[in-house]
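Take this structure, written in structure tokens, and hold onto it; I'll ask about it next.
For reference, chains read A, B, C and D in written order, and residue numbers begin at 1 within each chain.
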């Protein structure tokens, strides 16, 4: 191992740096996709019979990749002294399970074909990369009070209904309602309005109670949706504000504003990230927003010349001022971040801050003269 | 073809002008309806046996219509030099598929009766005409982040549950849970709370996992609804503001307002379009809003005379000022656009802009005197 | 008939006055309940065999009641010259159908037992009395644009999926997917996530499409809920404002406020109607709101004496000022209408309008001294 | 009994004091859990056969506990003269039913095994302890108008559809649609989108009506969710304000604010309760909120010394001011209550109240100097 180090490790370290970031590398995503796809195919008997060498090969490859990834990350974590934090983080645990589940199953004497099913845990590697997960979690945490209440009510209805149906139906249908756990199975399928129909009450009173359970199911749904809608409304506003705040301060255009007006403006702006060489504005199209460059650069494709606008500049205001279509193509030259000001908010902003309106107006006129 | 041009094309060009607008012409809607209806009837064996000449005739007619429509639009697009934009637009693609799918199927050797099933694509012609589609799309785009997160979570639960149920049930129920894809079929029907009941877990542990999946289904529903509710609230406000803004500036009554007050007023108004010869206000009914004419004309049916109010005028304020019923019938003379000010907002507006209140009050008194 | 008039009609006219109001009389509600209940019982063979005389008697009675009601209302409408408005109103049509459906069915030769089933229309008499119906209808009208879009998308998915499943499944399952209408039956049960399970796709591709349909079903649900949530939020605010506005002006306490402050206050208040001899405030309970009397009278049960407060007075402020429990029982003496000011809004109001705060404080001190 | 009193009652009184609070004691929760679990197990024949002595013992124990609890609470209520309030409160009724249901069933001659099923009522003891129940109930009460409307519409659709399906299907399927009550069973399973599939219409017209019922089901869902979402949004805001209000006044930092600003600040703050010896802030983590101590004490773990902050102090502001990570661990020393000011609101607050900003800034600088 010590021999390998000097030559192989620099490349591996590079790999680590790439994979230890917030987003999974493409390689890992590909490995997860291939591995899970093969794991699914493996369970289909004729497919397995036909191509099981191929399936096994891919799965062994994926497993090797995950073990390697885990070992390298572990090593990296020990090197930087953050091994405790890494090992007990969600990421670290998933890496460990992904690497160890299949080998441990094999050691425990499980057949190879069955052991591969533990590859299902590989899917969890996708979780840290889900974009809106943080936002989702915050909503669930902040609204946990009412959500838990609804859950408790859900469980209460579930249990009470099961006992009632057990009492009413167990003589008539000993197969479906022979015990309270069996009745619970019916109750959960009914209360969630899934309704398999494998067990169905047949006594009149049992059906009346079942109808009540179904209507409660609607109510639980409604409450759940209502609570989450409330949480999301607040969270979306907050998230947007946070992302825009830093960028607003980088735009000199807003530098003259007082702190209260900056807060006001920030609530109106939306941040978007756009890759390089993407056309943001297309000539001739109707315009419903203007852009401030928080980060990056754009090229304006004027007739006969190309103008470059850098950090802090704005564009797209002409369409908003006169209800004209866009007058030029505008393309990013590199990955850029923009603050988008929607037509509605543009008007509100112009109304509330006439000085900003004048600055934009003057710039628009200057550009118009220059273009002609 | 060159011979046909001088005589037939002017009429066709007219047709093109009519059909190239934003809304489909009535003819196209009728063709879509008839075509799809016939296509449905065609699949019913006894009906097809009885009237297949009639069905085929209608379908050939529809197909001819769609081919003609496409050819004319294509030609028109080439004439105006916008053929690339047209061909690759959603509209252009739908037109092409509507015109070509059935003939290509026939060329490929499909029987006529089966080929007509490609007429299902004709339905897509309705899509560009759906009224709130733009609004719906904006909500989906703006909320795509959290919606995608929910989708990824949905898929994760789906896969993990399928693998778990496969492990637990495939020995007991080889028919229903014989492979992971088969288990996925059960999982998707359960997680969406559809619950066909064709495949149902029967082992105790399998049922407990199934219960968890159902409850997750409720959660996914709730999250989805919550996210969309948040998006819609913002979008509705925006849409309303945009539609009202232009109209507000046409009403001289609001001309004296400063830009900040205009923005304020715009948020309160709702734009409605009303066809010609429609009675907006009926004498004797209670009134809960007043109207500003943004566009068009109305006739006030006073006892003994008819008064005409044109663009920029307002009416219906008397009922709001004194809580009286409406005092006259008011009817549009042509297609008109109104800005509606609801009773609630009327009061808020009067409270915030006393000068507007005075103008309205003075006008109301003048009218009252005139009427008596 | 002319003979009957002088003696019987005054009583009937009274009856008409009572029943022509906005709410159905209790008699009509009882008739509807009994009639529908009997109609339901009538369809159960053993019950009908046992007590069909009794059932028929009740149903004849209900029918007589509805015919009488209709005739009297018609006559009343003719007397007041509003017969056209009445006959073509929803109420008038329901009255006519309720009175005529069963007799016409009998005339058409339907057996008595089957004819009674037309009594189902009697249920429609309940519709005009539903409390929040106006609000619900306004939401549906105002949000009709996006709701229709969702409906069109729903229908598109329904049709496309049906045709696809018909193509994929009709050879394998001629019973379930033998024609597009049959496939539509499957599609509607799937897209609404009802999932009867009587028809289920079995080909792999058919199942993948079905999974897509189920997920679309979730989406449609979410959109629907989101749109309606947005509409309801706006409507609830509006409804509340309208009901409070008139009452606020009757309370002298708010008379000193400027119009802008009145609008402000109105948004904070909630109107409630309370029947006579009801205890609103119970001594010793914690208080979280105060009341203004918009209409009616209350009795304060102080130790040793009873104080009466009339229109425009307020009470319950002491608990809010000092976080004390309620100090006395307060009971309505007749049907009264109150404006409720919630603790939260009380504090916001006190913060924004210090003069109101002083008035309330002074009154509270005066009362405290008086009580001791 | 009088003999027992002197010795045993002090301990029991202690027990009463502990259990008569708002939250159930842990003992009661354990008793409910064990009791219900045993009651469930009891219904499984093999399990009962194997361990019925054990099950009976646990259940007798639970029953004894609940009887004892009820007797003690009753006595306590009589002692304090609040017996009427207690007996007729929800809590009192549940206590009575929990204690008496099983014994009464035994007295009525029910077998022991069946009598234990009345233990299902024990679950109701959990209800008063559900955290967000008050909030939930307020939403349901305030929105009861529209919710009831939806319920009435739900019932109307249910009945009309049942009668229609009875008429259409009862000749074809006498088993499933033989009477209106039988058809109601189908209708409720369909309208709630449960869809058991045990009874399914098979006539074409019956299926079209069923499709309409399913779509109505979606609508009812959507309305329900929409109404509840609206209610929750208002209620969450209110609840938060109420909880923060009292705490804000305890923080000297806000003492200089006018009442209007206090209301403003209160709307921004969130109250949280944190148990003793919990680390609130961890060194090195990014900070997105600051804390005011409303109640309790925290220890700041600075290098070389420990600083204690008491009621009214604030911390965590440094991370917000400079976007730095947290600079120290901060741990509660006892149960404490904090007011949390989110980053977004922090910025809005600083913008609106520059004087607060200066105070925080000065304190942050002082601390920074002290630490270095």
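FYI, a contact is a pair of C-beta atoms (placed from the backbone, for glycine too) under 8 Å apart; a residue touches a chain by one contact, two chains touch by 3 or more.
Since the structure is predicted, the reported quantities are computational estimates derived from the model, not experimental observations.
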For this session: Determine how many degrees of rotation, between 0 and 180 and to the nearest 5, align the Cα atoms of chain B with the equivalent atoms in chain C.
Result: 90
For this session: Going by C-alpha centroids, which chain is farthest from chain D? Tell me that one.
Result: B
Seminar exercise, completed: More contacting C-beta pairs: B-D or A-D? The answer is A-D
Problem set entry | Euclidean distance of C-alpha centroids - chain A vs chain D, Å | 28
Exercise. If you average the CA atoms of chain B and of chain D, how far apart do the two points sit, in angstrom?
Worked result: 40
Problem set entry | For chain A, residues that touch 2 or more chains besides their own | 181, 184, 193-197, 221, 225-227, 229-230, 233
Exercise. Given the complex with chain B, which residues does chain A contribute to the contact?
Worked result: 36, 39-40, 43-45, 114, 117, 120, 123-124, 126-127, 130-133, 135-136, 139, 154, 181, 184-185, 188-189, 192-198, 220-221, 224-233, 236, 288, 323, 342-344, 347-348, 350-352, 354, 357
Seminar exercise, completed: Within their complex, chain D touches chain C through residues 143, 145-146, 148-150, 152-153, 156, 159-160, 163-164, 166-167, 170, 178-181, 184, 190, 193-197, 200, 204, 207, 210-211, 214-215, 217-219, 221-223, 225-227, 229-230, 233, 237-238, 241-242, 245-246, 258-260, 262-263, 266
Seminar exercise, completed: In the complex, the residues of chain D that touch chain B are 193-197, 225-226, 229
